[in-house]
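Got some structures for you, see below.
In the two complexes below, chain A is the common chain; its partner is chain B in one and chain C in the other.
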Partner chain A sequence: MRSADLLVGELTLLRREQIAPWVLFGLLLAMVFAGISGRMIVNEQRMVAIAASEEAGVLVDSLKLQAAAGAETARSPGAVAYSVLSVPVTKAATPLEGLAIGQSDLLPDTYRLTARGAHTFLGRTDPENSLRLLSGNFDVAFLVVWVLPLLAIGLLFDVVVGERERGVLSLAMVAGASAGRFVWHKWWSRFLLLAGVTTVSIVLAALIQEPALTATTGYLLAGWILTSLVYLAFWCALALFVSIGASSSETAATRLVGAWLVFVVLVPTVTNLIAGSVAPPPSRVELTATLREATEQADKAIAAERDRWFFDHPDLRGDMDRRAYYLSVAGSEAGIEKIMAPLLQDFAQNGRDQQRVIEVLKYLSPGTLTFRSLTALSGSDGREHAKFRDAVVVHHRAWQEFFVKRIESDTPLTAEDYERLPIFVAPQIDERELMSSSSIPLLLMLVVTCLLCRVGSRKLRSADVIIGTHSPGGSR
Partner chain B sequence: MLEAIGLTKNYGEVRALRSLDLRVNSGEIYCLLGANGAGKTTTLNIFLGFVRATSGIARIDDIDVGQNPTATRKRIAYIPETVTLYGALSGLENLDYFSKLSGIRHSAQSLRAFLEQAGLAAEAHDRPLQGYSKGMRQKVGIAIALARDAKVLLLDEPTSGLDPKASNEFSQLILAMAERGAAILMATHDLFRARETGTRIGIMRDGSLRKEFATSEIGHRDLEHEYLKTMQEG
Partner chain C sequence: MILDIATKEFRQILRDGRFRLAAALFIMLTAIAFFTASQRYQSLSAERTRAQQEVALQWMEQGEKNPHSAAHYGQYAFRPALPLAFFDSGVQAFEGVSIWLEAHKRNYAVGRPADDMSPLARFGEISLAYMLQVLLPLILVLIAYPSFAAERESGTLRQVMASGVTGGQLFVGKFVGLSASALLLMLPIVGFSLLALGWSSGAMWLSHAVLLCTLYLWYVGLMLGLALLVSAVAATARTALLILLIIWAFGNFVVPRIAADMGRLASPTPSADALLRAIENDLAAGIDGETPAAKIEKRRRQLHALYKVSSDAELPINIQGVIFGIQDEISDAVYDRHFSALEAAIDRQIDIFEAASILSPRMAVMLVSQELSGTSIGHQRQFANGAEAFRRELMGTLNRDITLNSRSGDNAYRSSADLWREAGEYRFVPEQLGASIARCGAPLTVLVLWSLLIGGLGWASARRLGTIG
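Take a look at the complex of A and B:
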């Protein structure tokens, strides 16, 4: 029989069974819906960031005008730095962020900076949307990692054992087809169907995020599709492998669902638990207590000045020695920052340590491996957030310096100074670096997949696979 | 023609077949009787090329099955105990699928003719197989054999679970195929059907052929008596 005939026969069979078309259509719909959902979440975050940025822009423009008009507050670097001006800095938007929300709802995409210490924004712990955090994200990565394996299992769990039970495998062999060729055509037709629908739905979901496909988006999208297909191939190969060795379709289905529970649910959960145990996060209570203590100490240090100066309304006390006061505020902020820095550093380091543990343990689960690759390609993983945080810390130093230098030299701010305010340049996603970091897990999954297929192919030559296992005393 | 010479098969310590000698000529129906584990299915599996004999020779049309299973399979049609096939496909589509698997392309008209020869009513041809009775499915199995123009037919308990009418219809089809010159080897528990259909009958126990009769020489009652006696022998 020609391969084309076998494939057409298989596709007719799948169409007639009616389950496969509905399942695949359901996958397509769910993927598109997940794409829309992801886009909405990302849009919401971006809208908030844009609104905050526009608000800050209006404030800067207004201060610039006031400074040009000689308004006291707008010209005072200390007042602007510590009381008036706060600006949001936002993580660069990535084209496929909506496909994998990743840690975007846990780690901030926006920080609001002032010239005060870094603890004022780095210590922020409130999540973006606690309700969504509770219900989890419905995004394309979730469907790929959690749902796609179940569809592969559903279509392939009985690809060998079911055919044996139906007596079709022996009939096919008598008809002249080798068991291997017969089964592989079945496998390929199902895999290609799933792969086709997965690819089309990922492309559709990506177009929902970014209708104009750029080279970067295309590159990342290719990575996304490749990763998803290799993950799918792994599950299809595992389904074949289990189906070959199982004594009945029920046994095959049970074993595969068990494998799904282990690889997709259990191992990732245990990985997180281990990461949390190996690198336990520093105490938030300690952070708050230390901040309070540091603030009290600093308060005492500038108490004399504070008595003479109403902190929130400096413009009400025009006869003050502004320079002395703001220098003491700067000193106080520096003091608090010095006390807080090691603690904040501990938190940052803890994040890095946990990531390192997960980087090692991710190889235990193809689900974790795939999820990390997909979130990395979407620019929403912990690594991208850490890069953003580090860039914010560097920018914040420049921001502080800009004002403290003027406070120290008692130089009033001019309209031109407002144009020279340090501008935050968000780190951009490096698609080539991402692809190269995703390539090792991808290759590993591919190797395991090939190994499963190779062992499966060998087993398909055995008589037990075609006619069932012989047991002494059984029907012979 | 189908022949076994000194056919032996061991599964580890268990001897499933002990030096079986058997010959089924063209136009003959040879019925193998025996309890579960007697070695009937192992014999069929060796002829099908699914299992390699530990020793001895199995030949189909003078071709050694062990040496060239692909060539011998081309001459065989096989009907297992359960012909489930694909429930979502119609009888016609199943026949088309398995004919194509054999590398044979028949027109829809020829396929319908095979189904009719196999005794499947025309109105059932296009109905999904999941609505077929076991007897109807067996008829599709026969149609597959007819479409392949097989010279040798191997049947593994084909009438188990069939009602008497369906069983009788099945026997008539087998007889018709034998008349066309097919050599037929049928493993069965059905003494009555074996006596009615077979040309010769062999009774197997513990992997060896204990008794052999021409059906013309033995009546139903005697066959049952001989069978039970063989089963009770030490």
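Take a look at the complex of A and C:
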């Protein structure tokens, strides 16, 4: 019998099973739903960013016109810098962000800048349902990392032991057929079916994101599919390996679920725990207390000056010197920033330290490896956010300088100045960097998968495996 | 008879290699969870107490200044770490820990621990509650799935039933035996937790802890009942195992995520930007169809008429204090409107989550557990609302001082430590247990429904077992 015939026969058998086709159809539907849900979440964020950006643009245009007309507020660099103008800067969109939300709903993808210190845009400030954040997202990455292995286990846990229990392998051997070949065809038919459904689902979910059809999108999508398929292959290979050695179907299922629990739930959770212990984040509470102290120190130095304007109400004292007021604000902000800068550095450094720890420990679990790769390909793994934040800090410095220079020199803003406002260029996803960071984990998983298959293949040649040395019925 | 069956079942489980392995893993993870949680609780508790004292001291020692400058300097409220948070940290990682209480503005809590979490944080956190909600039921599934199904396959079940044992006795006996083994696993968590709780807060949270124990015993009973039920009706042990694993995985990982996403899609919360813009628009427009400027002018005229004067300078009070009061009145109303709308949007999301718990009792248990541990959204709101009520009192005190103790245009007016002391500081008082339980209506109803369903089906399946003999 030809291999192709055997494969087709297996697929026909699977099609006739009561549950398998529905489970696979369920996976497809779930992936599509996850794609839609991810798209809506990302779109919502994008729409907010676009609206804020457009609004800021209108404001800048209006200030430009007012400055040209000689309006006092639009010409005052202090008023514009500290009271009137706040400009949103947004992280560059990545084509497949909706497939893996990762840290996108935790870390800020938009910062609203003023000339005040960097401490004013530390964390994400969007009001959120914390119960939702705790539960996590139902995105495509979740389905691939958590659910796909369970489906692989469900379809393959008895690929050897089940046939042995039913006596099919012995029968095949007595009939002179190769039992190993029979098992491999069974394995391949199930793997190919799962791989096919997974690939189609990912492509559909990706199309739902309506990404621009560029080489980058193609590369990222190929990376997504490849990573998911290698991860799937690992679980299928593990299922085969366990199924060969198990004394009963129940034992095989229990062991595989145990492996899933360890690789997908426990090891990543413990890795997270270790990362937090090795690189504990600086205290936000202490940051608040320090900010408070810094504010007090800065304010004390200029307290007498500021009290003349009821602290922040120069509008109530129209006859006072506005320049002096904003000089006092600039002085106060510079004082606060000087104290806060090292602390903010600590937070940024801590993020990098945690990433480093995870980069080492991720090799302990294929679940972690795959999750890291998929979120990296979607630009939602925290590294892209860190890059974005670093770029914002640099831009913010230029923004501050632009205004403070004019406040100090008492130079009124002109219409031309509004055209010279520093422009933020968001860092783009670096394909080369992604390739180097994703390829090693991928290769490693592939090697482990091949090893499992090879050992399984060898064992399948043994008569013990075919006939079984254990009595069926499980360990209880 | 029931006791005999229970004893036999219990002994058999203790001899089971799978149970021993699972128990060892469970106890090891429990130890890790307990150690890390108690460490974190101690450091958080000390840190927040220290910070609260520090900012209180800064407030008292801010020196002489205009009360409105002090109002902008403001105070900070830090959410204290409640003792049972070490057992179930609930939503705390995703909620801010400090609120700046300043003039004119209601700020929301910032400094979420989640802001600094590692990228793997979305895999979840091993807490003692997580062990009981997620891992213990898995162990129960693994030890209970063959209870009836395997015996039916091997023919033992028919022999047992033929010996005169009723289906009900067998079901209850197995349930009791399995419960005893589950209790064995729960014992270290309950024991260590109670010890740690007693050590950290005496008897103050004992009633919460007792209710938590009851809740988890109920949940374990529910999960065991479900496992036995499936084992009783499944044709083979393999089918029973697969069905139970699907229920476990979907109930713990899939349903909560789908429910959370559906909630977000059905009732989105506004972005910080949109919220701020809406608040700014309303602040500019004023309330009751009256702009702030018009409202201030109206009050100015009323004051002039009351004191029979024609200018602010002639008033025996400082009109700036009155103006600040009006501004606060307007901003309070505007912030109330928007914060209520925000809370309503989140409540609708929670309603969907609660409704989905009908598919996953773990979600219901999670909600009740957070309420009893003081780590729910409800507790966060109680903290934030308490802080806001204090902020309004604080601003009222400072505005009154300007109004009554200085004259209009007197910019050199200064207040001192006496006023700062009079204004006081924010002290968080945890809500009564009854208030927390009052929020558990929906999840408790779901648990009752699950219990009735499993109890009813269990009874029916036990009767069916009786017919085998």
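Rule of thumb we're sticking to: the second predicted complex is superposed on the first by the 439 of 476 C-alpha atoms of A that agree within 3 Å, B and C clash if a C-alpha of one lies under 4 Å from a C-alpha of the other, contacts with A are read in each partner's own complex, and residues count from 1 in each chain.
In the analysis below, a contact is a pair of C-beta atoms (placed from the backbone, for glycine too) under 8 Å apart; a residue touches a chain by one contact, two chains touch by 3 or more.
Quantities reported herein were computed from a predicted structural model and do not represent experimental measurements.
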item	value
Which superposed partner A:Val48 touches (first chain B, second chain C, both, neither)	second
Which superposed partner A:Thr198 touches (first chain B, second chain C, both, neither)	neither
Partner chain(s) touched by A:Leu13 [first = chain B, second = chain C, both, neither]	first
Chain touching more of chain A, residue-wise (chain B, chain C)	C
Touched partner set for A:Ser189, first chain B, second chain C, both or neither	neither
First, second, both or neither for A:Arg166, with chain B first and chain C second	first
Partner chain in contact with A:Thr295 - chain B first, chain C second, else both or neither	second
Which of chain B and chain C A:Ala175 touches, first, second, both or neither	first
Contact residues common to both interfaces of chain A (with chain B and with chain C)	473-476
Residues on chain B engaged by chain A in the complex (per definition of touch)	11-14, 16, 36-42, 45, 48-52, 70, 73-74, 76-78, 80-86, 88-89, 93, 97-98, 100-103, 128, 141, 144, 148
Chain A residues within the chain B interface of the complex	1, 5-6, 9, 12-13, 16-18, 165-168, 170-177, 182, 463, 466-467, 470, 472-476
Residue numbers on chain A that touch chain C, as the complex places them	33, 37, 40-41, 44-45, 48, 51-52, 55, 88, 102-103, 106-107, 110, 112, 122-138, 142, 146-147, 150, 154, 158, 249-250, 253-254, 257, 261, 265-266, 268-273, 275-277, 281-289, 292-293, 295-296, 299-300, 303, 306-308, 310-313, 316-317, 347, 350-351, 354-355, 357-358, 367-368, 371-372, 375, 381-382, 473-476
For the chain C and chain A complex, residues of the former touching the latter	12, 16-18, 29, 32, 36, 47-48, 50-51, 54-55, 58, 62-63, 65-66, 68-69, 71-73, 76, 78, 90-91, 93-95, 97-98, 108, 110-126, 134-135, 138, 142, 145-146, 150, 153-154, 237-238, 241-242, 245, 249, 253-254, 256-261, 263-265, 268-275, 277, 320, 342, 346, 349-350, 353, 377, 380, 411-412, 414
